[in-house]
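Both of the next two complexes hold chain A, though its partner changes from chain B to chain C.
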Partner chain A sequence: MDDYVITVLSNIGMISFVALSAYLLLLTGVISFGQQAYFGLGAYAAGAATAMLLLPIWAGILIGACVAGLMAALVGALTLRLRGLYFSISTLAFAEMVRLVLLIVEVQVEVDGELVGPAGAEGFHDIRWMFERDISLGEFMLLIYALLALVLVALLLIERSRLGSIFRMLGSDDLLADMQGLNVVGYRVLAAGLAGVLAGIGGALYAHFTTYVEPQFFNVMLGVHALAYGLIGGLGTAFGPLIGVAIDVGFLEAVRFIQGYRMIVFGGLVALLLIFMPRGLLDEERVHRLKARFRRRGDAHAAGS
Partner chain B sequence: MLEVRGLRVSYGGLRAVDGVSLEVRAGEIVSIIGMNGAGKTSILNAVSGIRSPDEGEIRFEGESIGGLPAHAVVARGIVQVPEGRLLFGTLSVEENLLAGAHRRSPFVLRRRPRADLRRLFPALADKLHRPAASLSGGEAQMLALARGLESEPRLLLLDEPSLGLSPKLSEGVFTLIRRLRDRGLTLLLVEQNLRRTLALADRAYVLESGRIVSSGSAAALESDHRLLSDYLGTSAPAAFHSAK
Partner chain C sequence: MIDFVQNTVDGIMFGSSYALLAIGFTIVFGVLRRINLAFGASIMLGAYAGTWLHVHYQVNVLVVALTTLVCTVLAGIYVERLCFRAIRRDAALASMVSSFVIWMQLEEAAVHLLPERTYAFPSFFVAGSFELGPFLFRGEQTTMLVLAALMVGALHLLLRHTRFGLALRAVSESPRAAAYMGIDTAWVMLCAFALVSLVGGVAGFAILATDEQITPFFGLWATFKGLIAMMLGGMGSLPGAVLGGLLLGVIEAHAQWYLGNEYKDLSAYLLLFAMLVLRPGGILGQRIHGREALAFRRV
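Let's look at the complex of A and B:
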């Protein structure tokens, strides 16, 4: 594979984490315009772990995920009592706050005679774990997809568990969920924390893939796209947002002759889908139907054998 | 079992419930009867914790539960089956059914609903994997009831279970309510359908503009047609008529 293809595929993988993050919150019925903040926090925390503290990559990813997850749960605990639009605005405000803080944070340490660390608006350069270990782009892509597969399996298990039903109940009717004896705010905070972890993993990988991060990358467009991926691909299954990412990053951004028109096509696509398929290509109804078909086939198979 | 004293609930200055006191004893079916807007649902919402009361005391088995959050009230065994917005439309029938199983850990894979529920609601058993939004009105009401039972309540609050159902279907709902009582469940039932409700309930409270204007055994209230038509206005005879 040439490096361009690997880069596109890696981008699809890394952005998928943010898309899944926004998707998890969409399931519970809240719209966050701020998941990019946790992607950014994960990137900075993981970068600091490997480049400044010289920890191994797994520790970096773990730290990035934890920092993002804890922060998301904390912000969630403060804001999830807000309703609808008010919550959405607060997520955006928090994300902008994180970005602006990262623009002024300068914490550098000397590693091998060079200063390494976040340098305000200059960004955080020299996260050189890949170079130091002589890891190729292709190998790193495998790491990205291994983690994505792990996360996907975890999400699919959650969807099959009672927790998955609970998340969807909150999204369907939170007053009714309250009447079922569910601690609505508690589960929303849990979902926010998990969503933070997902975005944090994506950010941690991104920092090491590109070797530098700057606050500008975590602007609101990333958060809005992350939301749109779930709405395009569908809210019926965790594969939905991945389809959304593949369409946008894999097709609209990567295919060169439509590059200049990317945002026009993307915006049009989102608008059309919101009108004709408001819950995306793989919405709950379609997923129910697909599952029923598989179940029938499975039953027929069992009966035949 | 349940004791409500001097309950007041208002919405933006408008008093919906104005000093209501009532009592439900274990094993009873108690009904609150009244017209639209009389404050029936507000009483249920205050008991279940959906709405915190402005004033008054709500005790369940001696413990004060007024103002507790809804999930804490459910944990004590009071479950409300609301009117109208009954189901989680995007979830499957089975998921809706298990929505009431709040005592189960959220971190287990979904389990089958309890067998006796499937015996009580045979119509739902074949449709477990359908989206709940595809159910008919009668099936939806049955599912909401079944979900309420899945929480293993000791006191079930039923808000207009026959609303919008055909006479035949609502007959089914009432039969079911009777069977639930025979199995030891206590019920507080809000209804507009006078005759049916009085035939079912042990005792009833008649509510008008947020106040209780009459109460007593269902039999006594039923024989007092004049009282009912006085307090329920001109539509009371029509209500009797439509119940026939």
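Let's look at the complex of A and C:
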């Protein structure tokens, strides 16, 4: 594979983390326009850990995920009362605040005679963990997909578990969940924190893949795209957002001949799709039917043998 | 002190354009209970169409204004048909995402029309700049304030004193009840979209004529300012939208003066976030929010 293909595939992988993050919140019935903030916080925190404190990368990713997760949980606790559009706009406001603060913050330390660290609008340069260890783009891509697979398995397990049912219950009716004796507040904060962790991991990887992050990348377009991916791919399963990312980013690269008209074609297609499938390609109903079909086939096999 | 008052005056002047944008969001939200993210982009497409005529045929500023209005309304109707009318009533989220992708679509169409980064937009003055005591009133901003005041007054008359206004308010109260009363709700919704597009077109034209230039960032800018101003004032409330717009303008003017340019947007978002956390209903929307919360508790 040449570097170009690797970069595209890696981008798909890294954006998938944000898409999954937005998807997890969609499950609990809230729409966040602001998951890019945690992607950005994760990127800056992880970059600071490896480039400024010279920690190993696993520590960087861990710190990125924790910083993003804690921040997300805090914001989740603050915005607990909000629903619907109020919640969406509050996440948007927070994300823009993070981006604008990162445009101002300048914290640089000297490492090997060079100044390293966030430099306001200039961004955060020289996160050279990959270069210093001679790690190729391809190897880093494997790391991205290994982590993505891990996260995906974890999400699929959560969906099958009690926690997954609780999240979906919160999504359909808060009051009902409350009546069941569930700690609604706690689970909402937990969902927000987990979503932050997901986005933070993506950001940590992104910072090390590009060696350079700037606040402009974490603008609202990233957040709204992340949200749209879940809705295009479908809200029935964690594979939905991944399909959404693959369709968008893959489409962008594959259909070169409509370059420049990409959004006109893609926008129109998605708008039409949403008319016929308002909850995406793999919505709950379709996922349920697919599962049932697989199960029946499995039973037939068992009976046959 | 003089600075403070001058900033406040400037803020109110500029805030009047935010108020018009916020009205666009608030009326659509009131009638459909949905958010139209493509609002800024439809204004942008309209303004680009006007600018296109201006760039290629050097038409008169009034023709530019008319083209902007007509094309904004057409774009608004397109958005209504594709993202709102066609999508099921219970799928508000799909509507929002759909209007988002159409935002991207309209923006790209506009950029194809005029591919460069900035274009001159014809300026449009009615009043000249004048001084009142130590304070300066810039002509184009005064024009904008007057224009906004006229628009708000006209909208108030339309909503409160005509049959169409009554129908619109009925649909916003309860679409089903309105339908039982023989109101053609689909038609009212389409008209609401055309109406807000018209208001948005006027706001867009006034803002661009003040800036005397247009860039591809206009759609994003208009959408955000309108949304923030609406949330500050309280969703679905017309006086709230006006108040929110003016407040946003004043805050931005002061933040820019006292803290610097990079704090202008930051202060606006900080205010919005604090408002949502502490008083989610906005300044004037508290009643609506409170009523919903009460209904929720009663269930």
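Quick note on the criterion: the second predicted complex is superposed on the first by the 298 of 305 C-alpha atoms of A that agree within 3 Å, B and C clash if a C-alpha of one lies under 4 Å from a C-alpha of the other, contacts with A are read in each partner's own complex, and residues count from 1 in each chain.
Just so we're on the same page, a residue touches a chain if its C-beta (ideal position, glycine included) is under 8 Å from a C-beta of that chain, and two chains touch if they have at least 3 such contacts.
No experiment lies behind these values; they were computed from the predicted model shown.
In the superposition on chain A, A:R262 makes contact with chain C only, not with chain B. In the superposition on chain A, A:A292 makes contact with chain B only, not with chain C. When the two complexes are overlaid on their common chain A, residue A:L175 makes contact with chain B and with chain C alike.
In the superposed pair of complexes, A:F218 makes contact with neither chain B nor chain C.
When the shared chain is aligned, chain C comes close enough to touch A:V270, but chain B does not.
After overlaying the two complexes on the shared chain, residue contacts for A:N183 are found with chain B alone; chain C is out of touch. In the superposition on chain A, A:R160 makes contact with chain B only, while chain C stays out of contact range.
Contact with chain B, but none with chain C, is seen for A:E284 once the two complexes are overlaid on the shared chain. Residue overlap on chain A between the chain B contacts of one complex and the chain C contacts of the other covers 175, 279. Interface of chain C with chain A (complex): residues 29, 35, 37, 82-83, 86-88, 91, 93-98, 100-102, 104-105, 107-109, 112, 220, 224, 227-228, 231, 235, 262-263, 265-266, 269-270, 272-273, 276-277, 280, 296, 299.
Taken in their complex, chain A has these residues touching chain B: 157, 160-163, 165-166, 168-169, 171-173, 175-184, 187, 279, 284-285, 288, 291-292, 295.
Chain B makes touch with chain A in their complex at residues 48, 50, 69-71, 74-75, 79-80, 82, 85-92, 95, 98-110, 129-131, 133, 147, 151. Residues 26, 31, 78-79, 81-82, 85-86, 89-90, 92-94, 96-97, 100-101, 103-104, 175, 220, 224, 227-228, 231-232, 260-264, 266-268, 270-271, 274-275, 278-279 of chain A are the ones that touch chain C when the two sit in their complex.
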